[in-house]
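You will see two complexes here that share chain A, one where it goes with chain B and one where it goes with chain C.
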Partner chain A sequence: MLKIAKERLNELYAKINESMGLFIPVKKAGEVNYAVWSEGKEVSLETLKTVKSPKNMFFPQTENMMKFKQEGKNIEVVDVRRDYVEEGKLFVLFGVKACDYKAIEVLDKVFLAEPIDTYYQNRRNATTIVTLACSRPEESCFCRVFDIDATAPQGDVTTWLDNEYLYWQANTEKGEALTALVKDLLEEGGEKEVEAQKEATKVIIDKLPFSNLDLSKFQPENLNELFEAKEWEEMSEACLGCGTCTFVCPTCQCFDIRDFKTHEGVIRYRCWDSCMYSDFTLMAHGNSRTTQMQRFRQRFMHKLVYYPSQNDGLYSCVGCGRCVNKCPQNLNIVKVIKTLGGKDND
Partner chain B sequence: MKDVELKMLERAKALLQSGEVARVIGWKKGEFCYDPAPASFESVEEMENGFVYNWFCGANLSKYLIQMAKKEGKTAVFLKPCDTYSFNQLVKEHRINRENVYVIAVECLAKLDVEKMKAKGVSFITDVEVVDKDVKVTTAYGVETLYKPDVVLSKCAVCTKTHQVKDEEIILHERPEREVNRFEEVEKLEAMTEDERFAFWREQLSKCIRCNACRNVCPACSCVKCVFDNPASGIAAKANDDKFEEQLFHIIRAFHVSGRCTDCGECSRVCPQNIPLHLLNRKFIKDIDTLYGEYQAGEESEGKTPLTTYTEGDTEPNDVFNGEAK
Partner chain C sequence: MINETLIPKVGVITDIRKDTPDVKTFRVVGTDGKKLFQHMPGQCAMVSIPGVGECMFSITSSPTNEEFMEFSIKKCGCVTEVLHALEVGAQVTVRGPYGKNFPVEEDFKGKDLLFIAGGIGLAPLRSVINYVRHYRANYGKVVIVYGARSKDDLVDIDEIQNEWVNEPNTEVYLTIDRPQDGWDGHVGFVPAYVKELGLDPNMTAVLCGPPIMIKFTLQGLLELGFDKSRVYTTLELRMKCGVGKCGRCNVGDKFVCKDGPVFRMTELDELPDEY
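For the complex of A and B:
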């Protein structure tokens, strides 16, 4: 175990930033989101939940995919992808919580499965992930339901933060390489403090109101019964059809592809889409889901039934609780789990 | 607050039981003490199981009536003072049939913003109690007392609104009279230089995630299909581009609802990035007051509005542009 005094963290960021791009939770206009670090930015590692999850770093909300340039009868297709590893441009994603790290695993199963999404892969391969254990979980957290240990996240490097030090442990080759880069700033020690923090945090996690949600009913064989459940109407009644839950979710992965006409040709881009929106998967004949109830049901069936049935039972919810905090109408996946998840939910 | 809730529950149950109304629109208990959700109740049993009215019932229920008031039978709704302005405006725009709605005016002594409370450092909240200006928050990490004016919803901070419409009222505690200048924040922005103001909005709007919650919750945004949702329009409402599109989106929306926006503040309440969107609308309200005389949307459910009325003495656009408006 290595450690660095809290007041020297800025030196650590600066050191990393000398040779790599650093993405880290930064406070801007009152809200904390992942952003590119530079000297003078207000880093907030203490923030439990960034508004947007770090998925934005591998799967940006909007990104250009290719450009088309027309000259006479010829159309040139310009590949705008960048192979960052080949360019020698590497990144560090710093301060990722256990839930958000697990979410990256969920995304990997989508984007890195054949056919591989090279836009995602290029960023993913070029990035070293430094995770940060939670020490002050709050009432909307329920990662334990998905067998996630918030006190010991995986990642290339795992870190723990207390009032005095950031403790540092490399887990992978990439993590060792990053450790070597910043080794002059690190000193030995911290095992005892980290163990103590882990124990204390586990006590809090035990007390969290959602730590024992029952998911047992969400099995592929119950698909039809869950789909037909009459409770969807009531659960979705107040839904505004906004995209807040989708866009703050670390595992939502749907996107739309559109063309945009510019003076220098056509740009094909993709942007996050939301199954809550009325134009989601719009087809020539119209929309396959015509009511908000159907859209609402799609979102939760996808997370709790469809995705796990295709991915060895892995749920595509990680219990980060962002939707619990952010839904304008206070609808969320916890209410769905409690209503349909199984008999042990109260 | 509990006494008010009990009285509301009692009245709603009586209305449902007598058959005077087919449903009641109110708030339903959530997972915590601070997350009630708008809901409709069709039976006494549903009311008893889930109804709640507390310090966190900030949601404006008026917009639900667009759908609910179309259903068979009369719909009762609990409206706070600010909500009644949106209600009137929707009646004026023929989006709600007034005859199908039974309005129960309920008291409001401001509503709390749990995000502001959490920003003060409290987390793992288990209970919230309000005594005068003290908000006592019990958490798993200890008890903290917050100063209520620091943690009310933005819309409540400068509210002096009174019920504009009611079929009956449930008011057990009068809100103390107070003098506030609701344009204070707008004036601060007006006092900035153009560059400072641009930087302010640039930073705020760059946080936008294009969730469209502000639009979808807005009672003035009642178009069946928004122009931004039209795939043939050439723009994508969901594509976030912090250089251009989202700045225009919010400004276009503010223009579109100007003269109709009642300053209900729902846009800022729901914004996941806490962008103070209501300040755009409030700026337009202030300008309308200045250019066309004082006007409050939603005070009336009929009649003309400053922006839909022409008089020869109206300020010319050029005067506004040149800063010579009267």
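For the complex of A and C:
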């Protein structure tokens, strides 16, 4: 175990930033989100939940995929992808919480499955992920339900923060390389403090109101029974279809592909989309989901039944609780789990 | 950098055939004049006009055609409107092939085959029918039942009347919804016609057409004693990526773009009713 005094963290960021792009939770206009670090920015590692998850590091909200140059009848396809590793442009994503780190594993299973999404892969390969253990989880947190240990996240490097130090432990080759880069700033020590923090945090997690949700009913064999459940009508009644839950969700990965005409040809880009929107499934000859109930049901069935059924039981929810905090109608996955998850939710 | 499936190839339209008032068949090759890529019957491709949009279409031509690919496309939305306005020589982009094909080399081999299509539903079936014709000795009897609103709405009628009907051990039954001058064939809806024909329930059946036709035809087949595990159809949902990532064509634990579009009826029974 290594450590660095809190007041020297800026030196750590500056050192990393000399040779790599650093993305870290930064406070701006009262909100904390992952942003590019530069001297003078207000870093906030203490903030438990960034408003948006770090998913846009690998899967940006919008990204250009290719260009088309048209001359007369001829079309030329221009590949605008960048292989950051080949360019020698590397990144560090710093301060990722256990839930958001698990969410990257959920996204990997979609984007890195054959055929590999090279846009995602190029960013993913170029990035070293430094996770940060939680020490003060909040009431809306329920990562333990998904067997995530908030006190000891995975990642290339795992860190813990207390009032005096940031403790540092490399887990992978990428993590060792980053450690070597900043080794002059790190000193030995901290095992005892980290163990004490883990124990203290576990006591808090034990007491969280959603830590013991029962997921036992969400099994592939119950797919049709859950789909037909009459409770969806009532649960979805207040849903506005605003899509906020999908945008703040670290695992939501549905996207749209669209074309944009410019003076220099057509740009084809992709952007986040939401299964909560009425035109998501709209076709020229009809729509397979015409009611908000169907769209609401799709989102939760996908996270709790369809995705696990395709991915060896891995749920596509990590209990970050952002949707619990952000839904304007106070609807969320916790209510769905409590209603349909199993008898121990009563 | 490794290939990215979302980045298409450029295709040139070398022939356009107007099949019906609202269906045209486009012949497409690469800019080098060769076929863009290989596929199997039932698979699809994403065809796009940059600046307008990209849509998934079934590849109508048989894989055994080594020269070009064909797409039979009905004019019914933004992209297809513009496609229909294109002329020979125009370029489009194409990527694929996507999806699971009809099990022509596995389950279909050695079997008697029944193909039932309605309207533009002939598009995916034409690929498999011509594949079976090419390897005729590998398959048993072939029965084709094809219906459309009117005689003018029968897609690719020339090939059917001049080639399919003359194949050995092949029966072709055509029908249109309402009587029409110049039509002395059968009149009536496909599901009723299928029941009238008293087809052999031991055949392996492939259905393709509007959802309502599929529903009632399937009912008819079951009454005739067909086994659902030997009845196949194709699904169609909104798609953007074609490779199971964009989330649009998700039904239950399947993505129509990669787990379909070809499904066995017994597989559909396990899916939630949302397609």
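The rule we apply is simple: the second predicted complex is superposed on the first by the 346 of 346 C-alpha atoms of A that agree within 3 Å, B and C clash if a C-alpha of one lies under 4 Å from a C-alpha of the other, contacts with A are read in each partner's own complex, and residues count from 1 in each chain.
By definition in this document, contacts are C-beta pairs under 8 Å (C-beta built on N, C-alpha and C of every residue); 3 or more make two chains touch, one makes a residue touch a chain.
Because the structure is a prediction, the values reported are computed rather than measured.
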Superposed on chain A, are chain B and chain C clashing or fitting side by side? fit
Touch check for A:Met66: first (chain B), second (chain C), both, or neither? second
Between chain B (first) and chain C (second), which does A:Leu282 come into contact with in this model arrangement: first, second, both, or neither? both
State whether A:Ala180 touches chain B only (first), chain C only (second), both chains, or neither. neither
Is A:Pro209 touching anything from chain B or chain C once the two structures are fitted on A? First, second, both or neither. first
With both complexes overlaid on chain A, does A:Asp256 touch chain B (first), chain C (second), both or neither? both
Tell me the contact category for A:Ala196 with respect to chain B and chain C: first, second, both or neither. neither
State whether A:Ala5 touches chain B only (first), chain C only (second), both chains, or neither. neither
Considering only the touch criterion stated at the top, classify A:Gly30 as touching first (chain B), second (chain C), both, or neither. first
In whole Å, chain B and chain C in the superposition are separated at their closest C-alpha atoms by 8
Report, in rising order, the residues of chain A that make contact with chain B in one complex and with chain C in the other. 256, 258, 261, 273, 282
Within the complex, which stretch of chain C touches chain A? 1-10, 50-54, 76-78, 80, 89-93, 236-238, 240-241, 243-248, 250-253, 270, 272, 274-275
Quick one: in the complex, what on chain A touches chain C? 65-66, 68, 70, 73-77, 79, 81, 83, 86, 110-111, 113, 115-119, 122, 220, 223-224, 227-228, 253-259, 261, 265-266, 268, 273, 275, 280-285, 288-289, 294, 298, 301-302, 305-306, 309-310
State the interface residues of chain B toward chain A in the complex, per the touch definition above. 30-32, 35-40, 59, 64, 115, 118-119, 123-126, 140-141, 203-204, 206-207, 209-213, 215-217, 225, 229, 231, 234, 236, 238-241, 269-270, 272-275
Of all residues in chain A, those that touch chain B in their complex: 28-31, 33, 48, 51-52, 61-62, 136-139, 204, 207-210, 234, 237-238, 240-244, 246-248, 256, 258, 261, 269, 271-274, 277-279, 282, 324-326, 328-332, 334-335
